[in-house]
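Alright, structures below, take your time with them.
One chain, chain A, links the two complexes that follow: it is found with chain B in the first and with chain C in the second.
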Partner chain A sequence: MASITLSGVTKVFGNSRVLNTTNLEVADGEFLTLVGPSGCGKSTTLRIIAGLENQTTVNVMIAGKKVNDLRPSRRNLAMVFQSYALYPHLTVRQNLEIPLKLRDLSFAERIPLIWSCVPGAREKVDKIGKVVNEIAATLKIEHLLDRKPGQLSGGQRQRVALGRAMVRKPAAFLMDEPLSNLDAGLRVHMRAELAGLHRSLKTTFIYVTHDQAEALTMSDRMAVMIDGDILQVGAPNDVYNDPKNIRVAEFVGSPKINILPGRTDPSGVLSCLNVNLSRRLRESVAGDVSIGLRPEHLSLQKKNAENCFLGRLTYKENLGSDVFLYVTINDEAHQVIARATPFEGHDVAIGDDVRLYLVPDKIIVFSADGNRLQLV
Partner chain B sequence: MTNSRTHIAFVAPAIILMLVILIFPVFVAATLSFTDYSLGNKTFNWVSWENYEALLKRSSYKKMFSASLTYVFIVVPFSVVLGLGSALLLSSLRFGSEIYKTIFFLPVMATLLAMAIAWEFTVDPIIGVANATLKSGCEVKWFYSLMTGSWRGGEPLDSWYGLGCVEGMPNWLGDRKLALGTISFIGVWQAFGFNMVLYLAGLTAVPRELYNAAQMDGADTAWKRFRLVTWPMLGPSHVFVVTITSIRSFQVFDTVEALTQGGPSKATYVMVYAMFEKGIKQNLVGIGSAITIVFLAFVLILTLTQVYFVNRRVHYS
Partner chain C sequence: MNKSENWYSEFSKHMILLFGTIIVILPFYLMLSFSFKSPAEIQSISGGFFGNQALMTDNRCLKAGKSKEACTMRPVIYNYSAAFSEAPLLRYLLNGVIVTLSIFFIQVIVALPCAYALAKLKFWGRDVVFGLVIFCLLIPVHAIALPLYLMLAKVGLTNTYASLVIPWTISVFGIFLMRQFFKTVPDDLIDAARMDGMSEFSIVWTVMLPTAIPALLAFGIFSVVAHWNDYFWPRVVITGDRDLMTPPLGLRMFKSDMDGNEYGPMMAAATVIVAPLVVAFLLAQRRFIEGITLTGMK
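Here is the complex of A and B:
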């Protein structure tokens, strides 16, 4: 168990800057998700922590110790790769044994046949066998121990890869999109299992994903990374409800947050399109702003009321428990997505004129350069 | 499918071609190998196994098998190890690897016959560069003591190099004991570039994440990663490289024809050269066919071994 701290990490490949100065603190035993769109530098960050990538300028601390010049294997971390990276020529049992053998056995003790002549080797090998059996039992893969990775399903390989990471009882687990090769059902199942594993192991997890749903469901805290910058770190709820930047707001949440143009009049009162929101900014700046509205904060309204958009329904997305309504408003200049219950969704048909009520309390306002503006 | 005959029409061209250009000639050779037919004669006699008995009994054919096998057993290991070594080195180079690849691959592309002439001049006992270089080394003290072993107290004249300095350097192609070694050396020089390219292709197929996983698992030296990842992942390449090199070594002909004509005293009398000499130069088609059939049997065994290994052992998925 260990805390992990990155301070001032930069990474440059050739002449393209992949990571801007990055600071990140992961507490002992925490489940931190690093989330962001493809190519933003998540894997690079993880590989720098693991020591697989040389940092261009950096300080990486694990459990309070600087590990900048330590080899990956000496950092006592374990990594689960997206492609699982199991050794295809070895059986599952051998795959699980490898980290322990490389750590605990001397050169002579690893040679087939010779090892049994080395005094003390048998006890070590027996101990390794016992650890492997325990891990296999935890992950319920005992019946697969004699198979080769090629004979396993995706989910089973995933478990073996987890097992290989667990055998060394590392200080922290690093996971690089470990679920992205699984089908949707299994992915949801494995999410729950990983979260359970974290609870029982009480070890630090750093989990990389581009899937914001995974980040929201699994983690204690999530760090949103976009274009080589960590824009916001916080509990999933805080990041979702209180995004500090328009890019964070747009990345987190599915369907995407609606962004509409807004204005503040000279007295500081906000309006969005033609709707007067009767709210003020804390520091009043007259001019254009962007107004973010989550789909669940727009609802269908039967009768005319204040704070309503008039629009036309262009598409209905039925997810069973929810229906998402795609509505063009303001003479079809903007499209917004609103959430409705299946019952409400049933009532309207594509092409209907609809009225959307927006909850003024829930609006999130951003300045023209994308930073968050607080309301009074 | 069961009623229609269309599928036969579809595969017929391939099968007919195979019969005409592969199976039929082999069949003819097999038949001729039981006769004493010689080109130009109107008739022939059936001699049953006589030709094959000759192959087993006569000393010149014993020398033939021994020359061919020795050649194979020298060229295969050396060119495979050199090919793998250079592929590993080249794949770890950041720049310049293209130039080395081209240089190492040149001997493969060049006509061996033309190259053989260059080699003939190089190893010529009188005007050759090889011996001239060795000779000039006699004057250089440290080189002389290194080569003769006198640096560890050996008597210089007991070593071949010390003797060479006094009595003249070896005749690489003319000496019965050295000729096959020299021919094999040229074979290794020619073959390893090809193996290197095959291994380079194999190396690009090894997933990079496996090396990262190995590093995380504690394989912190290059050797440990080689043992854990590279060597086993190259399994299919090993089988292919060894088989191809063995078959190509069995087929060696042009260097022998150009440099030694099978001599001196049949030291380099390899199978394909024997085939050529008997069947074409001396028109003894019967014995020539028998050698051909034995040769094909060797190649067949090698190929079947490869198929067996490829199917059983080295494909992991």
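Here is the complex of A and C:
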């Protein structure tokens, strides 16, 4: 178990800067998710922590110790890869044994046939076997130990990859999109299992994903990375409800947040399209702003009321428990997505004129340059 | 395309292939056939593939003072026993095995780390080095034979196994082939090995080598066939010592030893020399094709 600190880490590939000055602190035992669209630098960050990539400048600390020049294997971290990266020519048992053998046995003790002549080697090998059996039991893969990775299903390989990371009892686990090669059902199942594993191991987890659902469901804290910058770090709820930047708001949440053009009049009162929101900004800035509205904060309204958009329903997305309504408003210049219950969704048909009520308390306002503006 | 057109195109395709096959097979057919027949049948081109196998008497054997019974035998037995008794054929075969296996072994030791570095490590000038490898593929052996010979002669290595092996130990073809294969091995696997604590050298030998077996087999077959059959280079560096001759060179010496046109024993010797390659190919056929198409592992 260990805390991990990145301070002022940057990474430059040739002429392009993939990682701007990055600071990140991961507490001991925390499950932190690095989430962002592909190419945002999250995997690079993870690889810098692992030592597989050299940072262009400054520091990586693990458990208070500077590890900049330490080789990956000396950092006492374990990594789970998207492609699992199991050794294809070794059985599951050998795959699980390798990290321990390389760490605990001397060169002579690893040579076939010779090892049994080295004093003390047998005890070490027996101990490794015992650890492997324990891990296999924890992950319920005992019956697979003699198979080769090629004979396993995706989910089974995933478990073996986890097992290989666990055998060393590392200071922290680094996971690089470990679930993205699994099918949808198994992914949801493994999400719960990984969260459970984290609870029982109480070890630091750093988890990289592009899937914001994984970030929202599993992590203690999530760090949203876009274009080489960590834009916001916080608990999933805070990031979802209180995004500090328009790009964070757009990335987190599915379906995507609705962004509509708004204005503030000189007294600081907000309006969105033609709807007066009767809310004010804390610091009055007259001019154009962007107004973010989550789909769940828009609802169908039968009667004419205040704070309503008029629009036409163009598409219904039925997910069973929810129905997402795609509505064009303002003479079809903007499209918004609203969440409705199945009953409400059933009542309207594509092409209908509908009225959407927006909850003024829930609006999120961003300045023209994308930063969050607080409301009074 | 209708059925008759289809039939026509299939037919012409197969005819062309058949024609090619005949051209390739014919020398082998003659070699095998001559190795079975008596000298008279070879001279008169009679007796079909296998000859009549009528008993014949070996005149040279009689001259050597042996009894008539001991010198009378079937042509096939005569040819093959002459092949082994007239020249140290087994010695030639052994030399062939020693030379080709040493070449292949050292080629692998050199090519794998080179290929790994060129495929998976990032270092300044990598592309230039790889360009040089490609460039070296274009240099014909014969162009550098003379300087190579002079160098070996200066250090006194002519007429040794070393002179047969050393010039071939760095195979740019091997480096190129293995580099192309290593490119298909996922980077994650190497990173996982690094996380597990392997050094770069142990990654080459314990991770890359086992995954590259299909490619290595293909390369092995190319290498072994090329050096088993090589006549040119052994002819250049083996000038006196008959104990060092490789099979093709031995075959040449063997011919000049024979009095007259003793094609039967010579073809029997040729058959014996070719046989190991044919057997090896048949055994490794599937692997061989797999290796050439490089679809072995993913």
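As a convention for this text, the second predicted complex is superposed on the first by the 376 of 376 C-alpha atoms of A that agree within 3 Å, B and C clash if a C-alpha of one lies under 4 Å from a C-alpha of the other, contacts with A are read in each partner's own complex, and residues count from 1 in each chain.
Here is the rule we use: contacts are C-beta pairs under 8 Å (C-beta built on N, C-alpha and C of every residue); 3 or more make two chains touch, one makes a residue touch a chain.
For clarity, every value in this text was computed on a predicted model and none was experimentally measured.
Student: Could you tell me whether chain B and chain C fit or clash when both sit on chain A in the superposition?
Tutor: Chain B/chain C on chain A - steric clash.
Student: Which partner chains sit in contact with A:K148 here, chain B, chain C, both or neither? Use first/second/both/neither.
Tutor: Only chain B is touched by A:K148; chain C is not.
Student: Using the superposition on chain A described above, determine whether A:A108 touches chain B (first), chain C (second), both, or neither.
Tutor: Neither partner.
Student: Answer with first, second, both or neither: which of chain B and chain C does A:A192 touch in the superposed model?
Tutor: A:A192 contacts neither chain B nor chain C.
Student: With the touch criterion stated at the top, can you tell me which chain A residues are shared between the chain B interface and the chain C interface?
Tutor: 47, 50, 52, 71-73, 77-79, 81-83, 85-89, 98-99, 102-103, 164
Student: Across the complex, what residues on chain A touch chain B?
Tutor: 47, 50-52, 71-74, 77-79, 81-83, 85-90, 98-99, 102-103, 148-150, 164
Student: Give every residue of chain A touching chain C within the complex, in rising order.
Tutor: 47, 50, 52, 71-73, 77-79, 81-89, 98-99, 102-103, 164
Student: Tell me, which parts of chain B touch chain A in their complex?
Tutor: 207, 209-210, 212-213, 215-220, 224, 228-229, 232-233, 235, 316-317
Student: Which residues of chain C touch chain A in the complex?
Tutor: 186, 188-189, 191-198, 207, 210-211, 297
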